[in-house]
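Several structures are given next for inspection.
Here chain A shows up in two complexes: once beside chain B, once beside chain C.
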Partner chain A sequence: MSTQTQERSTDAAETLLSVRNLSTYYSEDEADIPVRAVDGVDFEIARGETYGLVGESGCGKSTLGLSLIRALPPQGDIVEGEIRFEGREIGQLPKSEVKDVQWADISMIYQGAQNAFNPVKTVGAQIREPLRVHDIVPEDEREGRVRELLEKVNLQPDVAEQYPHELSGGMKQRAAIAMAIACEPDLLIADEPTTALDVIVQAEVLNMLQRLQEDLNFGMLVISHNLAAIMKLSDRIGVMYGGKIVESARAETLYDAPKHPYTALLLRSLIDPRRPPDQVETIEGTPPDLRDPPTGCRFAERCALATQECRDGEPPLESVGEAHETACFHHEEVSEL
Partner chain B sequence: MSPESTATPTETSEEPILEIRNLEKHYVKSTGWLESLFADEERVRAVDGVSLSIEEGEIFSVVGESGCGKTTLGKTLLRVIEPTAGEIRFKGTDLASLSGSEMQEMRQHLQIVYQDPFEALNPKRTVRGLLRQPMEIHGITDDEEQDDRIHRALEDVNLLPAADFLDRYPEELSGGQLQRVLFARALVLDPEFIVADEPSSMLDASVRARVLDLIDELREERNISFFIITHDIGAARYLSDRIGVMYLGRLVEMGAADGIVDDPKHPYSKALIDSIPSPDPREPLGSSGIGSEVPEPVDLPSGCRFHPRCPIATEHCTEVDPEWREVPSEDDAVRMTECHEVEPKQTPSE
Partner chain C sequence: MSTTEETAGGSSSRRFDRFRRFLRAFLTNRKGLLGTLLLGTIVFISVAAPLIAPYDPEAYGVGKALAPPSVEHLFGTDDLGRDVLSRFLYGGRISLLVGVVSGVVATLAATLIGVPAGYYRGRVGRWITTAIDMSLVFPPFVLVVVFAAYAGSSVWNIILILSLLSWPIPARTIKAKTLSVRENDFVESTEALGASDFRIMRQEVLPNILPVVFANGILQMVYTILMEAAVGFLGLGDTARISWGTMLYFAQKQAALSSGAWWWMILPGFGIVLAAFSFILVGSALDEVLNPRLQRRTWGDD
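Showing the complex of A and B:
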C-alpha cells in the first residue's frame, strides 16, 4: 500500500488536497489576543491516501480538520494560507458555496459523532439529510440508498427506523460513518473516530474505515491521539505540536526512525499492553501557550536536545530523507535520545 | 502447602483489605403494567455473583466491554449502590450490616473517583472549594485542618506549588490537571481504598502514563489500595498487580496482570487483547473475532454465558455453566477462569 502511495504522491496530478501555510486563530473579539491554534501548516493528501495527524490535546489537529471542511466555530478564523481541493481554492469560499463542498466533496466524522445525532429523528432520516441537500439520489431512491449505506457499515437496514437512543455507542459510530460516506466524498476526515469506544468496538471501527477506503478509494485524514490506531491506518503521518506540523513521514519510517524529539517521546509514551511497563516513558512539562508561543522551537522547553539556537530561532520543516521532513536543528541526534 | 504453614502469623495478618463473596446487583427492568400482569418481571443481572479479594496496597483492575457490569461492580462494592445479594467485607467488617450513618462514617475510608473530570467537577467552584466540599460532608470543619489536608493532597497529586492552584476554576485547568484534582478530592479524606472509574481514558497518551504513575505513587506513599475500572488493557497492565476480566456480570478470568495479557486463557480475554492494535504499522490491524454487540444481561444464555460469541464453544458449553476454578499458568501466580475448554490445574494430592 505504501509503495502505491509513493507513486501517487509523486504524481502531482493526483494530489487531492494541498494545504499551504495555513493559519487558523481563535479570538473572542478584536481586542482579544488570538490563540494561534494552527500556525503555518503545509501538507497534502493524494487521492486514495490516508494521512494521519497525531498530537496532544490542544496541538491544533482538530482545528486543522475543521478548517479544511470550513466548519470552524464562530470564534475561529482562517487568517492566512490556502486550501486547494482538486485544484480549487476552498479556504476563502463564501459561506453559501461552502455547503456545496461539505458532505459531497469533503465529509467529516466529527469528534463524539456518536453523541451528535438528533434524539428525536430516526437514524434513517438523519442519514437521508445530506442526500437530500445535495440531491445526489432521486427522492424515491433515497430510502433504498440509506439501507444500502447501513449494510456497508454492517448495520441491519431496519436500523433506519430506529432512534439514536436505541443504538449502542459502537452502532451509532457506524451510523455516523454511513452518513459521512453517503454522498461518496473524495476526502473523509475522521476526528478521533475511536475515542470513548471500548477496545472491541475500536478495532471494528478501524477495520471498517480501512475496508471502506479500499472499496471507495476516498482520501482520508485521520486525526487522533491514539498513536497505535494512526500508525495502523495511515500511509503517511504528520506529527503536530503547538499549532505546527513538526514531522511528517511514511508510517513505517516514523515508527522505525523518528527525526523529531517530540515524535520519539510520543512513541515511547505509548502504553502498549504487549510491551513491558518499564519501557514506557513520560513526557514532562506542558505544551506552549498558543496565545504567546515562544520565539524559537515550540518544543524547546520540554526537549533534552535543546540548545540556545533552538530558543533563538524557529527550525524550518526540512527534508531529511525520502518523503520525510522534520523541523529540528538536532534531528541527527534524535536516534541517540 | 503444609497445614502449619497456613497458620503462620504472617499469613493471618495478611487479611485482605476488601473481600466480596457472591456479590449480585440485579435490576428489575421496567415494563408496562399490562405486561407485568402476565409475564415475569425481567431482571437485568448487572453483577451476577462476583467473588474476589483485594490485598492491602494492591492495585486490582477489572476490564471488559461497556455493559459488562464493571462500573456497577465498582459502585456496588462501596455500597454507592446497594447490592441485591452477597457479602462485602472491608477489613473484616461486613459493610452490608452497617446502618446508613455507620456506612457514611465508613465512606471516608472508601472513596470513588469518577471518570469524566469535566462532568464530575462543579465549574463554579475553585479548587479550594472543590476540595473542601467532601470534608464538610464528613464533619472536618476546622479551617487549619482543612488547609493542611488540602495542601497535602495537592502536593501528593503533584499540583505544585499548591498555592497556585487553590483559586483556579476547572476551566482553567488541563484534562490531566483536572484528573489530579479528582484524586486530590478523594485524598483529603485520607482513604485506604479507592475505586477509580476509567482514570485514564479521557487523556492523551503523553498525560496518560503520568496519571497512571500518580496512582502508583499514591499506593507507595499512602498505602492506598486501588480497584481500577477500565476498558484500557494497556493501562491495566501498566498499573496493576492483578487483572480481572468481566463479561455479562461475572468474572471470567483473574490473575497476575502480566500473565493475563501475555497468556490469556479464557477466549473472551483473548478476544479483548487481540483487538488492541500494536503500534507497528507493518502488523495487521487487530480484530476481536467475536463481533461487537454485547447482549443485554437479561435473558442469559443457557450454559456458559459467553457461548453465543465464543469461537471455540462446543455443544457442552451451550448446556452446562462452567465452574470458576484454578487453571495452570506459566507465571507462578494463581490463575482462575471459567471455561470448559481450559483444563483445570491438577492438585498434587489427586
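Showing the complex of A and C:
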C-alpha cells in the first residue's frame, strides 16, 4: 500500500478542497452557550486523494463533514473560517447558491446508510433523485444510468425496482455509494461507511470505494472511529480530538511513528486478534465538554505526558517531519509512552 | 431505449401488483369487508334511490298521515302522508355528499397546512402551528349554528363551514407525523442533495404519512356526517332537501315520539349510525392494512 499511496499523493498536487480555521458551533438560541463541535480546523484534500478523519464519538468529525456539504442541522452554524472548493469559497454562500454544489460536486455517504433510504420508494427512484434534481442526464437516459451505477457497485440492475427493506445491509450500503457517485462528484464524503456492517462486507465496501476512486478520480474524506478502516483507505489521516485536529500525517507515518499521545493511545486501543484481549488498552477519562473547553491542551486531562505548560497554553499544530504535523509540546516523548 | 420501456412497464405492473395485494389484504380483513359491504349498501341505495324508492319522496298524501308500517308503506308515513322509506332512501344522498365532500376538503387542507407545519423548523413552523392551535379554539358547533343562521343553510354552505371548521385536528396529527418522518436520515440526505423544500415534502415526506392522511380522512368523514345530522336535527340544515338529519328534525318538531310514530325516526337514526359505523370500520381496517409495522406481514413483502 505505502509506495502506491505515496505516488498518488505526490502526483495529485492540485488542491481540491482547502479548509482554513473552520469553526462550527451548535446552539439552540442566541442565549445558549454554544457547543464548539469544530473549533479552528485546517486541512486540505488534493484531487484523487483520500483524507481520513479519525477520533472518538463526539469529537466533531461528522459535524466537519456536514459543514463541508453545508447540510448542518438548523442548530449548527459555521461561525468562522473558509471552505475553498476548487478555488471557490462555499462556506459562507447562501443556501440557494450552495444547492448547485451539493451532490453535483460534493456528495456524501451518510452515517448508517441503512436509514438513508426512504422506505416507501424504490431504490432506483432514489438513486435517480440526484440526477433529476441536478438535471445532469436527460430524462429518458436516467433509467439506464441508474442501472450503470448499480453495476458499478456490483448490484444487479433489477435492484432498482426493489424497496429498501428488500435489500441486505451491505446491499443498501452499496446502493448508497451508487447514489453518492451518481453525479460524478469531485469530492465524496464518507461518514462511517462501514459501521453496522459485518467484517467481510466491510472489506468489500472499502475495496469498492478504492476501486471507484481510481476509476472516477474523486477526492475522498473518510470519517470513522474505526482506525483500521481509515488506515486502509487513506493517503493522509487527521486525528481529531475535542473539535480540533491534533495530528495529521501520511497513513503509514501515523501508524509507525505517532507524535501525539492521543494518536498513540488510539493505535494501542486497536483490537488485534493476535494479541491477548487483556492487552487491548482503553483511554481513561472522557472527552472535554465542548461548551466550556479547557484553556490549554484539550487532551491534557487524560494525558500521561501532561505538564503545567499543557494546562496553561494551547499547543499549536507544528510540523514535525515531512507532511507530518502535531499539536503537542511533548511530541518527542510520545515514542516512550 | 428498450430498457427504459421495460422498466417503466415493470414498475407499473409492480405497482398494480401491490395494489392487488393491498385490496386482497383489505377485503380479507373482517372489519374491512364488513365496512365495505355496509358502505357499499348505503352508497348503492342513495345512488339508486330513484329506481328503488316505492314512492315520490316529496309527494304528499301517498298514504294516510302518520300511518304505521304496512305492506303499502313498509316504514309508515309522516305527518303529511309522505312515504318514510322513500324519504330515507333519498336522504342518504345529502348525508353522504356533505360527509364525503367536507371530509375530503378538510383532509386536503389539513395536509397542506400540517406538512409544512412539521417540516419547517424555526419561525415558519412555529407560525403555522400557532395558526392551527388558534383555529382549534373556535367552538365548531356554535360557529356552524351562527354561520347557518346568517349565510343561509344551503347544502354547499354547510359543506363550506364544516370543511372550514374540521381541518385543525387532523392538521395537528399530520404535523406530528411529519415531525417524526422529517428526522429520518433520508430526509436529511435529500436536503444535502440540493432538493427544494417542496420537493422533499412531496417526494419524501408525503408518501410516508399517506396512511395517516387516509385514516384521518375517513375519521373526518364520520365527524362531518354526524355534524351534518346534528345541524339538520337542529333545523339549521337545508330543509328544502331531504337528509337524515332534517327528517329527524321534522319528526321531533311534530312530536313523533309522543304521538307514538316511532317508525318516522327509526330509519334516519339507523342510517346515521350505520353510515358512521361503516366509515369507522373502513378507517380502522385501512389503518391495520397500511400500518407499515403490520404491512410486512400482511402484504408488503415478496
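As a working rule, the second predicted complex is superposed on the first by the 321 of 337 C-alpha atoms of A that agree within 3 Å, B and C clash if a C-alpha of one lies under 4 Å from a C-alpha of the other, contacts with A are read in each partner's own complex, and residues count from 1 in each chain.
Just so it is clear, contacts are C-beta pairs under 8 Å (C-beta built on N, C-alpha and C of every residue); 3 or more make two chains touch, one makes a residue touch a chain.
Owing to the predicted nature of the structure, the values given are computational and were not obtained by experimental measurement.
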When chain B and chain C are modelled together on chain A, clash or fit: fit
Partner chain(s) touched by A:Gln210 [first = chain B, second = chain C, both, neither]: first
First, second, both or neither for A:Ala71, with chain B first and chain C second: second
Partner chain(s) touched by A:Phe117 [first = chain B, second = chain C, both, neither]: second
Contacts of A:Leu267 with chain B and chain C, given as first, second, both or neither: first
Contacts of A:Val201 with chain B and chain C, given as first, second, both or neither: first
Nearest-approach distance, in Å, of chain C Cα atoms to those of chain B in the combined model: 7
Footprint overlap on chain A, where chain B in one structure and chain C in the other make contact: none
Residue ranges of chain B touching chain A (in the complex, touch as defined): 65-67, 174-175, 201-202, 204-210, 212-213, 231-239, 258, 261-262, 271-273, 275-282, 285-288, 290, 292-294
Residue ranges of chain A in contact with chain B within the complex: 56-58, 168-171, 196, 198-204, 206-207, 210, 225-229, 231-234, 251-252, 255, 265-267, 269-274, 276-277, 280-283, 286
Complex contact set, residues of chain C against chain A: 1, 3-4, 7-8, 10-11, 14, 121-122, 184-186, 188-196, 199, 203-204, 207-208, 210, 292, 296, 300-302
Chain C-facing residues of chain A, complex: 66, 69-71, 73-74, 98-104, 107-108, 110-112, 115-122, 124, 126, 129-130, 133-134, 140-141, 143-144, 147, 160-161, 165-166
